[in-house]
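The structures come next, written out as structure tokens.
There are two complexes below, and they share subunit A, which is joined by subunit B in the first and by subunit C in the second.
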Partner chain A sequence: MYMLKYILKRIGLMLMTFSIIIVTCFVLIKLLPIPLGEGLGVDKQLIEMKLRERGYYDPIPVQLWNYVVRIVTEGDFGIGTTMPGYINQPIWDGFVSRLPPTILINVYSSLIGVPIGLGLGILAALKKNKWQDQVISTGVIVMISIPSIVFAFLIQYVLCFKLGWFPLRMESGTDYFSWEMFKSMLPAVFSLCFGSIAGYARYTRAELTEVLTGEFMLLARTKGLTRGQATIRHALRNAMVPIFPMILGEFVSVLSGSMIIENIFDIPGVGGLYLKSITVLDYDFFMLLSGFYTLVGLAAGIIIDISYGIIDPRIRMGAK
Partner chain B sequence: MANNFKEKLKELLSNKKVVAITASALGVVIVGGVVLGAVLNGKNGAGVNSSNSSSSGQIEQVDTTGHKDPKVYTNNDYTSQMPNVWNEILTNDATNTSLAGYMNSSFFEFDYKLDENGEIVPGGFEIDYSAATKLEDVTARYEGKYGITAEDVAEGHHAFAITLRNDLTWDDGTPIKAEDFVFTMSQQLSPKYLFETASNYYSGNYIIHNSQEYVKQGQSGWFAADSPYAVYSEELDSKIVFALGNPTENEAYGGAESSVRAAVGFPASYTAEAVVDYFINSYGLEASVSEILAMQGKTFAEIKADATLKASWDKLIGWWQTEPNEELDFFVTEYTYPEMSFDEVGYFVGENEYELVMVTDSTLAPIDENGDLTYEAAYYLQSFPLVKKSLWLACEDQTKTPWVNTYCSASVENSASWGPYKLTNYQTDVTYTLSRNEKWYGYGMDEYKGQYQTDRIVCDKVSEWSTAWQMFQKGEIDGVGMDVTIAEEYRNSSRAYFTPETYTYCLNLQSRANKTEDGKTNKLLNYESFRKAISLMLDRDDYCAKNNPSSLAALGLLNNMYYYDVENGKTYRESVQAKEAILNAYGATKTEDGWKVGAVEYTDIDDALDAMTGYNITLARELMTQAYNEAKEAGDFTDDMKVVLTYGIEQQSENTDRVKNWFQAAFDAATVGTPLEDKIEIEYFYFSSATWSKQFRDGEYDLIFSGWGNAPFNPYYLLCATQIEGANRYAQGWDPKAVSVTVNVQGDDTHEGGEYTFNLAEWSDAIQGKGEAGKSLPNFSLYPIEDKLVILGEIEATVLNAYYSVPVFSKFAGSLMSYKCDYISYEYNTFVGYGGTRYMTYNYDDTEWAAFVAENGGTLNYLFGRD
Partner chain C sequence: MSELKNMDIMNIPKEKFKFSSGDISHDKKFETKPRTYFQDAMSRFCKNKGAIVGAIVILFLFLYAAFGSLLTPYAVSYNDTYFIHTLPKCEWFANTNFWDGCEDKSLNKETFDYYYYIGEESGHNAIKNQKYTQSGKLYNVRWDSYHSTGCIYKKVEAAEYENIQKYQNETGIQVIYPTVAKRNRPASIYVGQNMIANYWYKTEAKNGRLQIVYDENGDIIPVYKSHEEGKKSNDNYNSIRIEGDGENGMVYEYALPIDTGYEIRVNYYEYYIYYHSYVLKDGIEKPSFLFGTTNGGQDIFTCMASGAFFSFAFAIAVAVVNLTVGAIYGAIEGYYGGKLDLAMERFSEILGSIPTVIVITLLRLHMGNSGPIVILFVAFFATGWIGMAASTRMQFYRFKNQEYVLAARTLGAKDRRIIWKHVFPNALGTLVTKCALIIPSMIYSEVNLSYLGIISLTSGDLTSVGTILANGQGLLRLGIPHVAMFPAVFLALLLLSFNLFGNGLRDAFNPSLRGSED
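== the complex of A and B ==
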């Protein structure tokens, strides 16, 4: 019961935080000058008339109220005004249509990266200071040190261009679960998962190494458990306490996308949309993305906190 | 200059060190070339310059265009920015209009000129009918209507009737008649939509009668008084309010500003008091601040009724006014644009269902005295917007304010075509495919025999140039821009070609420099001697070699792409007037026998021009010293100060550092041995990409590189609109009204010659056809071409001599064409580009191409040299 109360309380706080952030974003973006266009033949007065009809010159509280009412009553997040590719389009539709590719390449990346990363981390911890550990640690340092953009270009050049194993860019179409589509996503997936593999391997090794030296592990062995049994049943479970939320966090972050990787492989995803919406001053697009990512971030925080209790029953959220 | 240009181009093409061309620019050029071809779609059997073309009956499809060829030819293209709207009503954006170009047709079009052997005449062109069969000047038919006066009738060129072919259809076979164009224009100008593109028809090259009034009808609010009222009369006295304040001060007037602020270019930070102070101290207004400000908030009637205020007003207007109606410049007014029927707009169905009539408030000359088409027909009247009515209405969303329409936006279903291709596949931000529109009137016509071989155009979005380059080598796309990383290696490839751009890039200098703090000042920019020194200290050839290797040094504001006499193929830069403008601006002196450049005297103006580099370090140093003395005497500079100039960029990079360091070195060299030695520094200023020009105009930073281009057949418009008119002029602190220019014109039988003196703003209006016949400001756009050329030369020289926009370079775009296909010619023609899709030919069909790529190991080598 206390867990339910805790969750409800967190959700309440989340909504309050969300509202404060959104109102702040709305006010700040509306305080910026309204762009009226540049160039030969542009009639700024006409543009101003149009924006005035759209309510851009109303007092900010009025604009905020109208914005909220419009979303709540009509589900209308606005029309793209200056965002390239979305001008004259309902921005919600545009945003949602771009989520699947981003989610897929990030999920595939996690599905590949998590087991490999954990496996390498476990192996390195179990073989601490042996050649296997040295090789893995060196590899991890290399993967962490080199930005994913470099891996992306290398993968594209070697695997796609030179060897011809994969297409240079993601296939067109929306049949996301076809073999051709999956194959065309792999270069981006590989580019993304190098960082994940390195991160998981490093954390797992560090956590597991520490846990393996704990006195309770000695106790477990003296109880008659084999090394494997003690490692899996006791050491890994304890080591997972900080790592599992990290995995969960990564799954939540799949919604955010990677601007650089998506650009290189022409993934029609959401990476870079946020930055672009700010650059071109498309207010409605900016607000939609601000709200979406704020909500995702706050929800992720709650889910991660709750997940601690699942991994380690000794941790009880909200208990007195 | 021509020889010089050609030599430099030759040098550019052969110089091993020439490497840099930006990928984005080149991508645009490739797409642009293809699109240009698509725009040039179709012509009827009327032949060249035929105003009385053949009747337009239904045309049978015959096997002459290549589209009956059983083989399939696909042009694979790429773009870094996908179009999402493809109708000109909805967008002006080049990315979007590039796609629209394939799906629209032209009334009139440019075509190659061929010699007696059927060979293309370099630089030549012809104008043909395409979707239209006749163009007539029908000004007399509408005398007394649509604002057409007897004088207009005598002058002509105000109302034109375009007769459409009677076999025009949409891609589903729905007929197209003149009423469809009229419906479209009613939507284009609809006050329910308030499309930004509506201004194309009243603030561009011509004005459709009442177009602005129609689109703005019903709009209420406070405006600058000269916005709703073009002409001042005493009836307005009680309606207009004197207001010099900024939007905050003018909150009671809806934040509207009087137009004098925009005319002079005051930023929003300038209060009414600061404005008046500026008038008094900078422009010599002989009145006190309090006298002028006493009129604030008073109607003109109240000002006239008060003797003291009236006296102040007389001082102000006496100082300001040079043209009629300029009283309105100081006032704002509350106004509601009156309701208006579309019947009052100068765009309607003529005497039959295929006749479309357009009435303009300005003059156009798309046909000559023989009734033949001139270049203006293909340039200004190429086509008008057209939407398919049923689909448009289905896409209309009246629940939004203003209304929204998703016609031709982001889906095949919302799309309709009346051009040679139609959209058959579209995925947002991924790809689109255009296939033949079998209903297009042009297929099967003799004029297109062997043309339009392309069956499909597939365009993928490729964000990174490196990806596009790899795709090109693998045969997946048929053209690619030449990035700096491959330019040196591939410049001599047999598949490389270079496209000149109309843009001239200038270093713009701040015209309202007023910062002095912490021992730093930028006020020397206010001294002409300092600005001229900057112009003369620039070794442009060195700049190009070190910063933009695929560019040519530019000394004029218009480059070699601009024509002053299109019909006869005469480019502006080749004219004596243009050459003299440059010689005058860069320190050459005219002698009895010719021109003296430096210490050398030339009898031939071309020799003098070839010797003119714009770089004169000796004179630059003298001018630096002169500027120092002038500024010191005026109290703007002391010996313990430094001149700090801020150079605007969005983001620091290796490129911006290189440019900044180059300019710093140029300043250092130009101040050696002068009192300004080691006293000039350049610092970065970081602007927002959305507001950079406003920030510059507002005086937030001092130096910015920018380029203006396009409109190669209307140098008058480009030069005046960008350098003189307040809306686009960067030098907002420079007042063209204060610059007097005298020009001697010859005139002709109907236009009086003689010596005319006007200020630069008036010349700008007059040469663009905004003057009034028989009034104090003649309409010089109707004068003989040679007179217009003289005026253009004087305008350019005057702007150059102000030294606020200092030309530095013009660019070329390099590209590679795949082995699969070819343009008809690789000699760039300003009128038809490389011939585009219309003339594109294929060396391999799709099947053969796949086999060819496979035979070559899947990767093609484009390093082979030219034949």
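== the complex of A and C ==
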């Protein structure tokens, strides 16, 4: 009951923050003139007529109302005005078609990153101050500091160009689960997962070393558990309390993807769409994607906080 | 005790008291020197090897950023249309096989011949020392990116033609080479427009490919435009002639007269030297690029130094402003607490939830005329101070109820005095650390944004490391890694050393936080 109230409160606050940001964004965008582009079989007059019909030249409060009503009742986020390929088309479809590559790449990167990261972190914690720990810790600092753009360049040049193991660009098409497609996604996945491996490893090591010195660990050993048993059954479980929310939060926030990686490997994802919407000044796309990025960021924060309370009932979030 | 119990303590008889002998044992004076908090932190910092290395590397990178562009004669606005993605070359290593502007290549016969005869004609060897080994059908050579352009056809006015001849006479260096009649030049469908000028020997198109015609000895046949000795030519050439000119009674012609002057065939390497040292006099003695050039022909060493200097200066400026504003905001929040804190916290939370790219885009759309630096500054400030405010607030919550603050308050100190004299100095260590960690992240964001093209800092004498990265990324796929490599290494070194340095600072100021997160 208490938890429910807390969750509702957090979601309410999040929606408030979200609305304030989006309304501000909307007003700022609507203050600008709408650029019109021409596409195949579509000319400027036609788009302008269509926009006028949709009330894009009305006063801003009226437009805002219409915008919200259309989204709620019809799921209509607007039409493309200058985005190549989407002129005079509903933008929601364009957005949805760009989601799978972004999500897949990030899911793959988490699937690789979480086990390796946790494994390295556990190893480092168990071998604290031995050579294994020193090697891992040094590696972690290096990997955390070096940005993914550098790894991406290195991977693209060495693995894709010199050794020719992977294609230079992601395969086109929508057959996302074919082997060829998977293979062409791997360079991007690798570039992304270096950073997250290091992040997980560092966090796990820090948490686990703290838990391992706890008194209950001594008790567990005293009652006859082997070191392995005590570590797996007691230490790891407790260490997971802060680690799991982090994984969850990371998982949600990666949905927004990495514009840089998408740019380097030509991935037809959301990031590319966002960049394009800025360059061609397609404001309906910009609004939708801004909303998406903001929402993902906010949701990740909430999910981290809430999952703390669910995993470990001792933690009562927001309690006085 | 029993004596005391029965005694009326308010009326202790006088004789019960006696003077102390005067040897009250005071606390012993410290024999060691007093050490302040900062001295303490400093000594801890110095023990951290990683942090020291980080600091040295940062200093080194900063020196490069500040003075790097003075070491080369090139300016950021310098560019050249022929020396593009030229390989890095350091004159000290010119005779070695490392950093000499050359690259190991395996060429087929046609390509090999093309480069080989560039060197044969002018002595500017496109193949280093004209040395090669053969393996099967391939020729393994060290290909020199500085001489690979060879000759180009250049249209010049009569005055410049004269000037080049004057330069040749003064220095004794051959710039203009005998020209080739138009009918003897290969068609541009076989070779690139810039490559045509290097065919000074007879070629023919066979089976849709360009092939060299050899004489009976297997040598090439020069096809320089020439006339019989003694006849008058219209090339108006009165300067040094190449070896072999005038043999067999034939004299080479060095120019084709055209409407606007002459079309001459110049060795681009020598022409470049002539043009920069004799015409522009801009201090460039010869083409030699320490880090090579970009696809636009810009000197990477200079551009990166200038971009890095901008990044450093910009990040420090933003960090100082953010630190000031964030510290004041956080101090007010943390010190007064309560409803004010709640309201201010909501405000900064909302502001902080907006992704930076969105802020930048909105600013760019609305302040398009203000120039990218202003926009970037406003954008980084708009969301950057929040982190600083949050950590100041936390420090204030930590310190404001400590006994010494309560004591100060009891003694009547005003809020402002307590904030500045008692709480703030204690929070300063954390804030300095935070600042050291914010600078690299700011540089990284700036590089990212200019890499993605969301903000364009490249104009005139301004450039960004991100722009070079973007330029290099396109070349990476073509197998030319050096343009991307230098900025990538710079970025990696910078972020790594700043992280080490920042972590060292944090451990020094806050020994209790050692090994923990942020």
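Everything that follows uses one rule, which is that the second predicted complex is superposed on the first by the 245 of 320 C-alpha atoms of A that agree within 3 Å, B and C clash if a C-alpha of one lies under 4 Å from a C-alpha of the other, contacts with A are read in each partner's own complex, and residues count from 1 in each chain.
Definition applied: a contact is a pair of C-beta atoms (placed from the backbone, for glycine too) under 8 Å apart; a residue touches a chain by one contact, two chains touch by 3 or more.
For clarity, every value in this text was computed on a predicted model and none was experimentally measured.
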Which superposed partner A:34 touches (first subunit B, second subunit C, both, neither): neither
Touching partner for A:172 - first (subunit B), second (subunit C), both, neither: first
Subunit B versus subunit C as contact partner of A:157, first or second or both or neither: both
Which superposed partner A:98 touches (first subunit B, second subunit C, both, neither): first
Partner chain(s) touched by A:8 [first = subunit B, second = subunit C, both, neither]: neither
Partner chain(s) touched by A:293 [first = subunit B, second = subunit C, both, neither]: second
Touched partner set for A:149, first subunit B, second subunit C, both or neither: second
First, second, both or neither for A:263, with subunit B first and subunit C second: both
Subunit B versus subunit C as contact partner of A:274, first or second or both or neither: second
Shared subunit A contacts, counted only where both subunit B and subunit C touch the same residue: 153, 156-157, 161, 168, 263-264, 279, 281
List of subunit B residues in touch with subunit A within their complex: 81-82, 84-85, 90-91, 93, 95-96, 194, 196, 198-200, 202-204, 212, 215-216, 219, 221, 223, 227, 400-402, 404-406, 409-410, 427-431, 460-464, 466-467, 470-471, 473-474, 476, 689-691, 693-694, 711, 718, 721-722, 727-728, 858-859
Residue ranges of subunit A touching subunit C (in the complex, touch as defined): 17-18, 20-21, 25, 28-29, 31-32, 141-142, 144-147, 149-150, 153-154, 156-157, 161, 168, 202-203, 206, 209, 259-260, 263-264, 274-275, 278-279, 281, 286, 290, 293-294, 297-298
In the complex with subunit B, residue positions of subunit A that touch it: 33, 35, 37-47, 49-50, 52-54, 79, 84-89, 94, 97-98, 153, 156-157, 160-161, 164, 168-170, 172-174, 263-266, 268, 279-281
Touching residues on subunit C, where the partner in the complex is subunit A: 50, 349-350, 353-355, 357-358, 361-362, 364-366, 444, 447-448, 451-454, 469, 472-473, 476-477, 479, 481, 484-485, 488-489, 491-492, 495-496, 498-500, 503, 515-517
